[in-house]
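Structures given as structure tokens follow.
Shared chain: chain A. Partners: chain B in the first complex, chain C in the second.
Showing the complex of A and B:
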């Protein structure tokens, strides 16, 4: 007798969000990337095929980062000194999207120049992060938003105490925002409400629930993302947004990825370990519903690409 | 377009004036055109009800009837800012102070009256028994105490009475100086019954006998001075608890008490506060505290422990068990109350570490314990305790709200006394506030109801976003970067009593949000625990030292109270002291409170992982799930 697998159907679904704009849409990107649109839990092909594969972004910086792992420094080499070159190499490394993180030292002119050089060097849709300090973020992101009007750039990172200026800049210049809340279902939802109260349509918001690396709180982040997705599927409009997470940033912060000397021999090869750390963190988060993962190492990108291809193939 | 004549009487019965206006003109605009300025604190949004006028005759259409009861409408009341002139009409514009009085009715507090069936001779455990003793002689050498016992047995059928040593010391003189005609003050509620005092002669039956009901709140201590004969409350006094200097919440007090002599210091601080309040109350009725012969005391479990000098350390440690929930009776001198030293001090029973006698007393005083319908009783103080249930079942829990709603822990917070801003309206276009101040004097600060009202108005007018952030893009000079971060200036220094600006800071707002979130989360978890839909609650009984002044609409707007029809809310003021008062008068009430304490089911929130989620969901204005607050959603859409 054949076993019939029961299928769940949900009242809600995740909104589709499109990053970037082609010349026909008022931008200069060679292609756009659409994420979201899920109508069931991740990769449940028998219930509903995932409408879009998760996308991979590679994180680059406007200035050569001082605090990154030496492994990444060796790998990217001189490209790290010029965001345009770095962006080109990232595109060659198979990224779907680019994240350009601005630096606290950047002037407004530096920031705008860096963003423009990246847009010229690569046709990928772009996510721009401020340096992560409220006043500086506002100072840099507003002129960046104006200089890139129409490109449907994602501006970040909005948090609950500091979202107004970034959202206003996104509203005025046809951009999107990345909304980050500290690993809590309610806080994520609240930030989405605040942003949409300002008039930004929900299909221009990416939700960043914050995560931790493997061994550094990933299970908590995983659970929050799972619950956000369940809430979305149950029909809670303010959680029906695609999720972006930063496993690259988290994994490369860990001692396992960052340190090669003075660690137990049993830890094995440093580089392999670091890449596994990033890969496994990212893949676990894809399973919990991530739509965009931001990575740093090209080999992790290849690993995660492969994992996505497998996950997108029905069993 | 046709024109109409609007005739109006300023100040209710002033000389008739009239103005000619086109169809569709608002009454408020027509009056302004005629030079009559009417108060519109909310900016003509139909939200504050301060611009009410009475339609004598004619065609005025009410665009909105918010703030008007069906009876108001029956009587012709309309809001000038929402009334549209559609034909000739005659209206009366009531004087402003009359409007204030009218509005005060929307925050009715039950007045204190003795229970209608109170008969002191029957219900009071203290008895005054007039006695005539046969003087001793060479033929009858029975000692004074035995003689007194005999008289009590023969003349009042009272047996097995004991006398404390200080009373024995004075009976000899008392008897002889009064020709063996005395009145015995006997406590019949104790085991064994005790002679508390021997009074000279025979007091008139209506001569008062004094008792005090004491509520020791974490933030506010309240004392009621009561005549046990008539049952009347003769004086009510309240003051901040002197322990505040050693920690604002129960946990920090417990920690302080466990160090060195912290426990003794806190005991003394509580006693100083209570004794000072008793003295103030006594002064008001020209009494000495030594004339007070009975006391009932309620408070949360920690306060009771500190008051009695019992180490409270175990209250905050798993498994959260107090030293004692139901203390036996004591004498005033034992516990340190400066009243008649042999006065009986009854500490009413609590339920658990975080649900104390203030709640068991409140469950009785609020009527929940006698109700057939399911009620939600909440006591809003530094701890928010709540009880869901009726006369058949009761479940209770406690959450730490902090002292914000009592006006503490907020930069310009104060108790609800003279000079406190108790209500605020903010104009939606100018962001200028209008305040009502207790006593009508220059303001000194904001009390709990003022804070709730202010928070609600700031939110509804968009000065605050739903997370409580101030919106600097509105261009109001009242929204500024202050010493403690972003703030809103409620009253400029030149208009205050102390010359300083009265402000609400971002930190204050966070404190208020946490307080209201803890309380709302408490009852959502409580209701969830027994599978009861909050919408089904028929009566919401609200107690607490700020309870009698709170405005339901504002409290719902900030998400402190559930969004239920307004008529289901009842404001009872301080239910803890009310319960203590009931037990002070009537031994049956005391017994009921003991039964309630034994019957309540206690839900420990720290052992319940749904609380944190509910709390985070409530840390938003009004709530992360706006569908729980349909009336607020409607208001937000309108503004």
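Showing the complex of A and C:
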């Protein structure tokens, strides 16, 4: 029996966004990473092969983090004391991109020095996050943006309460931004409109719909991503942006990943569980449309890398 | 796919004889579409129309139930491609495969049978066992049944499976699997012993051919294994996703009966480097009905069971937690008192931050009808009156010595009113986001 396969064809498509700039393009990166460009739902090769594989970013910090799981502390060891060394090791661990998260204690000089040391240590395109407090974000990200003009760094994280200064810094210095809205299709859309109204082209915006970890609200983020991608394919321009999500951050703050003692025996081996927690959060989000996943543990990176290789080549 | 009233009307005699009790055939058709009357009330409907109407009433993906004494695992009857369109109904059954010839079979069955893990107040277990008929199947079934009453999937060739079925009278196991070489014997066996039957093929065309032939032999509880290629190896993630999606689309959008069955998967058999956990996660997200694991390991099962629960949560009903006074990290009477709503994601965000930071606290979870802080406040479900009522109802003042109440930063505007409602308490405004709670508690509240 010849079964006729129903194929969807969509009027809309996702914008392509390129992170980083090589010397020929005015930056210093050894290569760029392009994501997005989808014309159909994730990995539906029989309709249209995805033009770019999802990218994996490894998250590092400007200072040794105090609140990360001890498993990550043991793993990265002394590299956590120096962002340049941490960046080198992250590149060796097969990251496509780096996320450098600045710390609330950083001065402007600290932040600029950390960013520059990472750019020197690694040729990967870079995403820089402020510490997550509006005033401090602006204080640090503006000089960072100026010091890295032309590198096509992604500056983050823009939210509805605080996006103007970051977007202006991106506009003035040829950078990109990460736009985060709290798990809501309309709020994502609205923030994208506000940012593009400031004159930043859509191909310089990554949309961060926010996710929860496995067991801590992943289903909300998962469905918002499916809905955003469906809206993009149906032709809603302000949703046609690649999606960046942070399963590493979310998974590693859960008790399942963070705590090894005093937990139920039914949770099993701590390290294996923690890596599954991060890996499965990331894999579920790839299935729902993630273009960039930000991870923390090299084993999760390998797992997710295998999954992406698999999803990109039907066999 | 259900027919509309007009479509049903066209299949009726259209004589308006009124013998069904309704004034016209159209009125009867409308009642039929609304499932308020039975077709049997019409004495003159043709056999052909009866068959068409019966077919249209069947769900596009057949519900298959595996049964054993006191346990059931159901798959199928799904109605959407994306969970946000309605919900996914039947969580894929998680089975662990064991070998009949395994000398440690009894011990393994016991360990798996006893596995229970609690997630937000729910106890999860493995759903059943898959037995590979590589030895004395009847003896292996006896061993399993000594420790577990959970449903079985039996894997092997027809003769080997037949030897075990005598021991499973009254149960509905799943036989794995019929293919183009053995389907007649498998179908006979399934019909004779009233089993569900898995069907495998290297393409959707082959699967559709097989299910039609097997159905013609009277076996209707079928399960599809679309995960093999022409060489008998497992396809990779991209191909599996494509096939699972195509099958569900054909069933739901085209009402294509030959593929309107739940799917069975074997995550460990995909030799493509991605690993059992990753394949199983894909199968949970994308359309599996029964998942057969080869690894029994708590650190693997726990995240898979949680993922399954999350994906199959009804998105139209925000999951709520019980409004009450929660204790985090064994708080002393001097530990701080925090207030939030009973929307599950809000509750878990707050509880997880505080718990993860190792800070003891009392958490007053008010009944905000399952809404988040801002939504509930806007809807009038999280106001000073409700917070005060919760503090009184939960007898917080009897359990806690200090009189400081921390409210979410998003509802700072409630402080004044709340001070009037709770004159004995000092109202403090906490951070807007849960993630900032540990820092707030350490700095502003000086919690050790």
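Definition applied: the second predicted complex is superposed on the first by the 314 of 315 C-alpha atoms of A that agree within 3 Å, B and C clash if a C-alpha of one lies under 4 Å from a C-alpha of the other, contacts with A are read in each partner's own complex, and residues count from 1 in each chain.
Just so it is clear, a contact is a pair of C-beta atoms (placed from the backbone, for glycine too) under 8 Å apart; a residue touches a chain by one contact, two chains touch by 3 or more.
Quantities reported herein were computed from a predicted structural model and do not represent experimental measurements.
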Simultaneous placement of chain C and chain B on chain A, clash or fit = fit
Query = After superposition on the shared chain, which partner residues are touched by A:277: those of chain B (first), chain C (second), both, or neither?
reply = second
Message = Going by the contact rule stated at the top, is it chain B or chain C that touches a larger number of residues on chain A?
response = C
Message = If we overlay the two complexes on their shared chain A, which of chain B and chain C does A:197 touch? Say first, second, both or neither.
response = first
Query = In the superposed arrangement, which partner chain does A:287 touch: chain B (first), chain C (second), both, or neither?
reply = second
Message = One more residue to check, A:46. First (chain B), second (chain C), both or neither?
response = second
Key: After superposition on chain A, the shortest CA separation from chain B to chain C (Å)   = 6
Query = Taking the complex as given, what residues does chain A use to touch chain C?
reply = 1-3, 5-6, 41, 43-46, 67, 132, 212, 214-220, 222-223, 226-227, 230, 253-256, 258-259, 264-270, 272-273, 276-277, 279-280, 283-284, 287-288, 303, 306-307, 309-315
Message = Considering only the defined contacts, which chain C positions touch chain A in the complex?
response = 82-84, 115-120, 204-205, 208-209, 212, 235-239, 241-242, 245-246, 249-250, 253-254, 256, 258-259, 272-275, 277-278, 281-282, 285-286, 297-304, 306-307, 310-311, 313, 315, 344-345, 348-349, 352-353, 355-357, 435, 438
Message = For a test of understanding, state which residues of chain A touch chain B in their complex under the given definition.
response = 160-161, 164, 184-187, 189-191, 193-194, 197, 238
Request  = Would you mind writing out the residues of chain B in touch with chain A in their complex?
outcome  = 465-467, 469, 471, 473, 613, 616-617, 619-620, 624, 626
